[in-house]
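Several structures are given next for inspection.
Shared between the two complexes below is chain A, which pairs with chain B and chain C, respectively.
Take a look at the complex of A and B:
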């Protein structure tokens, strides 16, 4: 089936309410590499959906499909018309040789926002993001965090129905991350559907839904709680890295080793010296990746 | 140091375009320029008018080559032959002293013609046209045989190539390099708007540059502007379309500004050397000369020199105009198509194209 976009309002899966954007069974192939293998994701108005996964998982490819920068080889993408979409590409899409104000002015003109409205919105966003005093600075001279905030503001300046953000917080200091999340949460509160890629699972945990990708395939999806609850086997803390075959199913986190036992139940008592741990999203994602590895769930 | 050397070699090996420039280009340039680099004029085309025109045609020897005769016509016809570029020298017979007109805008041909006439006189050979008296020689269009008079009209073209091709290619490829191209692709902008939006500023800059070069040439170097500004402007517009199109084409096949510069230089160099700007086209070996006819600067040179120095009307310049328009249609169509696919990754074929490098991190 040839991939295509459906840029019309689509009904929500539950058959009511505002339209849901997203992708259905989307596949993308680059030469011999399968970048996305039948991936489905939904983006609901007023909610933030996180796409997580390691390097080469297919996050950017999925987001490019959602933003309309890439047509999938098969599957359907449901997104608003270009005027109602906002996109923050991996490269941030900001002109380094334009000032903050000029970047926003270009974006506003491109989306057909009146000058007065654009100025009003830009001033408000810049003020809230702590960039008001930097409006005359070249974007190329901004710090990484400031540039990311500018790019997020540019993506939402025209109040789109769907905002696609490709790792907006990667490499950003905690204070700037908090500022970025304020912008994102506000857009969602105003009814915008947001899909963002992130490598920070603590960020994903606070999103309404999470899609876990690995090598182009979906490892898990749903709310963070649902993904954690669905984790097979049990997780135990161990003093040192186990020897032999269990070593492949253990990882170091916060100064201790964690081992995943795919065969035991969540509440089974483990061998002496091992403590059962209540997993969080980071553990569940790691386990999902291990389980997907050949021999990982032996 | 060894580590640096190894690293450099690895980088150069992967940058095939630079490698090609370093190895192939010098050889290619040497061969092409070896054949092209010649100021020697072996043939001077002559038009003969007046009652003894046919006698002149029969008696003149090399380097003169009488290509047109009109026994019933006079000076006006002969001068038009020079103005329209149909001959480099004209002889008007019928008066007591024959009149030799030489086209000074063809600098090297004019100098060669004067030298050949002087040599004939010294040798005591028959006078041109078999006349018994020394002819009156008049150099038209560039009486002082000034180099700047013929170079500045051509340099106008070089300025347009510089802005049109080099600067435009850099400006467009910068979008790719900074990763903003993908942003443009998802914005509600038509490819045509982006295309025109990218080239119009350079178009205007090029026109301002052209006006400056022309003003400086006229004011400081005293270069005449004898023809119609409208004809010159039309030629410049057509030429600019081609050069801007080449700039966009270059940017669409370049991944970064370095590659764009390399390619732009590769297109600029042959234009400067083979278009007739420096070496007369007739002096370039035929095996290499054909390249000149694919270069837009060749035609712009003919238009700018024709209009500025000889006041050539558009009717006699139709050939360079037509060829320039033809090149323009081909280049601009190619550039538009390339730009459209460059800007619209959504229109890719199944798995045929990788994403833009700036957004490859999946």
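Take a look at the complex of A and C:
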């Protein structure tokens, strides 16, 4: 499907069930660079979807389309009206010269939530995220992790139907990350659909569904189990770095080497000294990236 | 095997605040040691003392068997979190500058960087910038490599390639000290040291630190109903795919909290991250609340 239509109505594809948000066959071109090449992703209520990939994979572009901040060159975006979505851009969208409480008050007023409801929600979220004692501090003086948590709270304060979070946990320490994941789980438990970008696969594994992007194309998508099951070829654990051509299809993992063989089945017995292993999401995504690299596959 | 870097009973106080308390840490040749801890745990202060940028309040720091100095600094390769590159120089110019400072010979650009040789570093993708920073830190063949969050923000394949570079340096005999916030990355280290509130709270391999700890996993028909029930019972709940993990709770507690909700409850081995929280939350609260 082609077209020029970022649309704003709640789509109910089956006429009943809850609205399913997402993007269908979305393409975005910046000058000569194809930032997104026919990317499809669904965001379901009560579920967290992870968009995984490195720098330049197209994660932010896809998220900007879902948030309505960017109109794709072709394809369809299904998203709630602006008041029913929440967006956390990579720059976090927080006013540094307002306090934590003022930022949230301002956000709540913008969404037309009553002061009382907003304060009640803010108090609970701030408390659970470990920010309760910081509510009088200027947002510009918060640590990186605290600012990220504030930005996620600001994006979920109005109980939107869709929340889009661009790398909320990058560079954040484990304690703040755990607070962020609590906020994300809480929003999903309230029925919100969440799409978040991350470069970490242990985070993607926490999500109900995963979309792996590389240079604007989809390398893999589905549940983590499905992506692992769909990995082509077989994987072996090797004690030392392979020589010659197989080196390009090998990588270091936890002190040993993984070698990917695109041509053999997963149950084939390997030569002596090489052990076929069951891949995990990290392996499957690395293989998908290798397979997409010129010279990496065959 | 003599340690390349060694801290014994190192303490650092800033006024009344103690940032590092009696820390012992060794990095030997060929070893990759991961330093883990939340913000404020004392990791950066410890590294600054190791690099000779900060003096100790008590205890001893030794690099290659002597106190930190400009001479010992010349045997260290350091990649700070901000990478320490000049954005308005090209990769080759950055490397030439670092080589001149360390009195090292010229080094070829790594293959992934070559297509960008003439562009300004500030305009390059993050993964390529990291490759430049690594190449620059390794150009003078340091005996000790200190890396602060080496792969933050790069994709899985680029991260694997960066870890190959780190592994190659270790195999050639360098000692490596890495700080990271990510347990995925911690698994790449031969040995881990976990800090909380300025102290070392655990040290060993990832497997040794996790031990036989178990955690409860809940697979419920309605995960959101299960989440609310567990929350209301005051338990810590974390998302896990289509299920939930409840660290620190017994299966009896979890079943009681779930009540009549249809759900499968089972025990699985704890992750390093779950063990990390168990260890770091036992530590006493910091003296100076921020």
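The criterion applied here is as follows: the second predicted complex is superposed on the first by the 282 of 298 C-alpha atoms of A that agree within 3 Å, B and C clash if a C-alpha of one lies under 4 Å from a C-alpha of the other, contacts with A are read in each partner's own complex, and residues count from 1 in each chain.
Here is the rule we use: contacts are C-beta pairs under 8 Å (C-beta built on N, C-alpha and C of every residue); 3 or more make two chains touch, one makes a residue touch a chain.
Owing to the predicted nature of the structure, the values given are computational and were not obtained by experimental measurement.
Overlaying the two complexes via chain A leaves chain B and chain C side by side, clear of any clash. Chain A is touched at more residues by one of its partners, and among chain B and chain C that partner is C. Residue contacts after overlaying the shared chain place A:119 against neither chain B nor chain C. When the two complexes are overlaid on their common chain A, residue A:110 makes contact with chain B while staying clear of chain C. Once chain A of one complex is fitted onto chain A of the other, the partner contacts of A:159 are absent, as it touches neither chain B nor chain C. By the touch criterion stated above, A:94 is placed in contact with chain B alone, chain C being left untouched. Residue contacts after overlaying the shared chain place A:81 against chain B, while chain C stays out of touching range. With both structures placed on the common chain, the touch criterion links A:189 to chain C but leaves chain B unconnected.
In the superposed model, A:30 makes contact with chain B only, not with chain C. When the shared chain is aligned, chain C comes close enough to touch A:52, but chain B does not. For the pair chain B and chain C, the minimum alpha-carbon spacing after aligning on chain A is 5 Å. Put simply, chain A uses residues 55-57 to touch chain B in one complex and chain C in the other. The part of chain B that touches chain A in the complex is made up of residues 178-180, 182-183, 185-189, 345-348, 350-351, 354-355, 358-362. Remark: chain A residues 46, 48, 52-57, 133, 143, 145, 167, 170-178, 181-182, 184-186, 188-191, 199-202, 205-208, 214, 223-225, 241, 251-255, 282, 285-286, 289-290, 293 touch chain C in the complex. Contact residues of chain A toward chain B in the complex are 2, 5, 28-31, 35, 55-61, 64, 67-71, 73, 81-83, 85, 87, 89-96, 107, 110-112, 166, 216.
Across the complex, chain C meets chain A through its residues 32, 36, 38-39, 125-127, 149, 152-161, 163-164, 167, 181-184, 187-188, 190, 223-224, 227-228, 237-242, 271, 273, 276-277, 280, 289-290.
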